[in-house]
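You will see two complexes here that share subunit A, one where it goes with subunit B and one where it goes with subunit C.
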Partner chain A sequence: MTTKYKDVYIADVSTVVGPYEAKGPLSKRFDRSYEDMYFGTDSLETAEVKLMTDSIDILLNKLKKDKSDIDLFIAGDLQNQIATSSYTAGKIKRPFLGIYSACATNTEGLIMASNFLESKTCDEVVVSVSSHNMVAEKQFRNPTEYGAPKPGTATFTATGGASCYLTTKKSKVRIASSTIGIVQDYDQTDPMDMGAVMAPAAANTINDHLNNLDQTVDDYDLILTGDLGIYGKEILIDFMKTEYGIDISNKYNDCGTMLYDLEEQKDVQAGGSGPVCSALVVYSDIIKKLQNKELKRVLYVATGALFNPTMVFQKENILSIAHAISLESVE
Partner chain B sequence: MTTKYKDVYIADVSTVVGPYEAKGPLSKRFDRSYEDMYFGTDSLETAEVKLMTDSIDILLNKLKKDKSDIDLFIAGDLQNQIATSSYTAGKIKRPFLGIYSACATNTEGLIMASNFLESKTCDEVVVSVSSHNMVAEKQFRNPTEYGAPKPGTATFTATGGASCYLTTKKSKVRIASSTIGIVQDYDQTDPMDMGAVMAPAAANTINDHLNNLDQTVDDYDLILTGDLGIYGKEILIDFMKTEYGIDISNKYNDCGTMLYDLEEQKDVQAGGSGPVCSALVVYSDIIKKLQNKELKRVLYVATGALFNPTMVFQKENILSIAHAISLESVE
Partner chain C sequence: MEKKIYDKLVYDHRPQEKRGQNAVIAFLIGGIIGVIGELLVEFYGYYLDISRADASIFMIITLIFLASLFTALGFFDKWVKFAKCGLIIPITGFAHSMTSAAIEYKKEGLVTGLGANMFKLAGTVILYGVVSAYIFGFIRLIIMGGA
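Moving on to the complex of A and B:
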């Protein structure tokens, strides 16, 4: 489902990261980084809550706004029952909608916010996402086998919190359109190869978005997927060509391959993942390039693998989805 | 956040239940009931997927619609990573947004759908929820202690799937307004007493809804909470009086106390719960009374307890939220 927007603007964004992300190529562009994985909290789970709440505090500070200015708070994360988002909402104390699309959660939130703003239902919306590497490892791979080797196709859940303040008031970057994705099932069953799982969803959504808006790849300076990783990225380029006859290779990059130095930071294997991965790359780098007009139009396609450990143990397929938004530099 | 709608109608609804719900007082009003807990599937988790997909098939049949008529599918459930909704979306193959507000998920979905319809972003939206007693027991109380007594304040997760087809086309029942709730934290820590956890959220949302619309209790024939159970119901009546000076006692009921025969079905303790609990009561009974004008205006306030087992083990408070919609019989 593709929708155009006239009056949806990004007032500002914020990013908070853990130590491993702070060693990556975007290091100097994050608003805050921590040197350990607990950030002064008592547990990994509350540490993730701190990542998200920190990102909101930083965002409100940048804009000289108060929590009470927020009409609506939309958030999602990987913790069971999206606990990070709920506990953050408990601190924000503003109307809250909880969402989940795995690593596609950020664009789901931005699309929902755009809809509320475009319809003038409200004027100021904050969308937040987070993930925490150790919370995800503990939850999705319990019992976690320390030291067990992972295949090169595995991705590394990013640790961070990221927030976006959206308004109806003109700013330097706007959300021009969006496409809500359709769940794809390509008989994938390997949670250690998420790139292969998610590439068809990204392809389907990119094709829908371009078709529905009568656009081509040339309408964008950059097409950016969420977190397919180095192998998923290649699969997507091939898949777009063979399935839809569209060559994205000259305009395309993947946030999962941009968050870390894949040569130096070998632990991340094929790249970063987690709901915050694409948000960290887009908010620390891409939005700034749109603000200063280095980039004019970017198609941001967050991708999510839909499953849970029980379903995987039961040999159910891992499904995928991708939601796209078109970001434009405002004249 | 309270919003009024002009053109949001409920075309029809559907309900599918398990054996225990089929023995309750609403028995004859459900569209389909099963006699075991697996419904011909291989696992409890895929059984829950069947509940949700069945409810959509029944709904489409009633309306002589096809899956391709659905512009947008919104769904949520209690399974980790809302797996029921994702796997159902994998069968529906329409644009999908996953949501989570625990047992308040149904009204979250209906509010989101209303916003998409009112803004003419799309014309036909299906909202689905589900829960499965044994999936919830397995997931939230693992290792499940068979035969261990539960306190009388505990509630019983309902087994069922429920769907609602919303359109911009006039029908006999409309959604007239909604209020998105704010997360409440009243230092509650007992997952066996959810009524006490959720009552303040229901109170806060009812008060906001009435205030923001300049309404009183007299504007409604019925105020209906999600699943507070017998004790939570009493707490809400008291809380509304002492905190907001509002007496709801003459107009008020709770879906958790209506789904089962609390005298005969002792296993349910204080009443039913789960995202599907309030949906089963509203869709099998209340909507029909609105359709035939036995009821004119109903305030439906689904209530959710926000936590996960890890957070409870770590002695974090259990938070709560409630989202309200006003249902009106159309002249």
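Moving on to the complex of A and C:
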């Protein structure tokens, strides 16, 4: 499903990161970074809540706004029952919708916000996402101190919080259109190779988006996927070519491979992942390039592996989804 | 795209794991742990003047203590990442799996957190260790008459 928007603008964005992201190539562009994984809190889970609340505080400060200005707060994360979002919403005390699409959560939130704004249901919406490496490891895999060996295709959950302030008032960047993805099942069962799980979802959504809007790859300066990692990226390029006859290779990049220095930070294996991974790259880098017109039009396709450990242990496949939004710099 | 064709596409882009190198590292590190164990047995046997069976128990306790201590101090996971099964298969891996789970869940309380989750990884080893010991004990009783 593809929707066009006339009056949806991004007023500003904010990013908060953990120590590992702060050592990456985008290090200087984040609004705040922390040196340990607890950020002065007692537990990893509350630390993630701090990441998200911090990102909202920074965002409101930048715009000189108050919590009461927010008409609607949409947020999602990776913690069980999206606890980070709920506990953040508990502090914000504004109307709240909690969402989940794994690592595609950010675009899901932006699409929902855009629809609310376009229909004039509300004027100012904040969309937040977060993830915390150790919270995700504890929940989905082994204890963090265990250090279980992983294959090269494994990705590394990014630690951070990111927020976006959307409004109907004109600004330098707008959301021009969006496509809601369809869940894909390609018989993938390896939780250590999420790139292979998610690539078909990304391909399907990109193709739908271009077809529905009668566009080609040339209409975009950059096509950006969420967190496919090095190998998922190669799979997507091949998949697009063979399945749809579309060559995206010279306009395409993946946020998972941009967040870290893959040569220096070997621990991340195939790249970054998590709902916040693509948000950190888009908000710290891409939005700024759109604001100063270095880029005109970007297709941002966040990809999510709808991974549930219980279902995988019961030999079910891992499903995936991707949602796309088109970001444009405003003349 | 058909799922079989997609599987081939995924396979073509999958990086080769360094299985040979991993095996050699695991063999050498595992061997070194064995040597350390043997030295400890000799040490305890000589200085404490105890039997080899008793010295073996002392050796196991020492290795478990050291692995747990190093896990708690926060650097054993980095060693495991490097040595892989060289440290996971010996008794050090067993201790490490329990300590790492205990650290992870301490915040959720002594009963609902630490108590309930400490054996998350080690529980399987204990269960199937006991079951196979029972089976092999039976086989030994039947074939060798318990000798």
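Observations on the model:
Throughout what follows, the second predicted complex is superposed on the first by the 327 of 331 C-alpha atoms of A that agree within 3 Å, B and C clash if a C-alpha of one lies under 4 Å from a C-alpha of the other, contacts with A are read in each partner's own complex, and residues count from 1 in each chain.
By our rule, a contact is a pair of C-beta atoms (placed from the backbone, for glycine too) under 8 Å apart; a residue touches a chain by one contact, two chains touch by 3 or more.
Note that the coordinates shown come from a computational prediction; the quantities given were computed from them, not determined experimentally.
Residue contacts after overlaying the shared chain place A:42 against subunit B and subunit C alike. When subunit A is checked against subunit B and against subunit C, the one touching more of its residues turns out to be B. Contacts of A:222 after superposition: neither subunit B nor subunit C is touched. In the overlay built on the shared chain, the residue A:22 is in contact with neither subunit B nor subunit C.
When the shared chain is aligned, subunit B comes close enough to touch A:83, but subunit C does not. In the superposition on chain A, contact is made by A:314 with subunit B only, not with subunit C.
By the touch criterion defined above, A:187 reaches subunit C but does not reach subunit B. In the superposition on chain A, A:97 makes contact with subunit B only, not with subunit C.
In the superposition on chain A, the residues of subunit A touched by subunit B in one structure and by subunit C in the other are 42-43. In the complex of the two chains, the subunit B residues touching subunit A come out as 1, 3, 42-43, 45-46, 71-72, 76, 78-83, 86-87, 89-90, 92-102, 108, 111-112, 115-116, 118-119, 121-122, 139, 179-185, 306-311, 314, 316-317, 319, 321. On subunit A, the positions that touch subunit C within their shared complex are 42-43, 138, 142-149, 151-153, 186-188, 193, 196, 200, 231, 234-235, 238-239, 242-243.
Residue ranges on subunit C touching subunit A, taken from their complex, read 1, 3, 6-7, 9-10, 12-15, 17, 22, 71, 74, 76-81, 84, 96-97, 99-101, 103-105, 107, 120-121.
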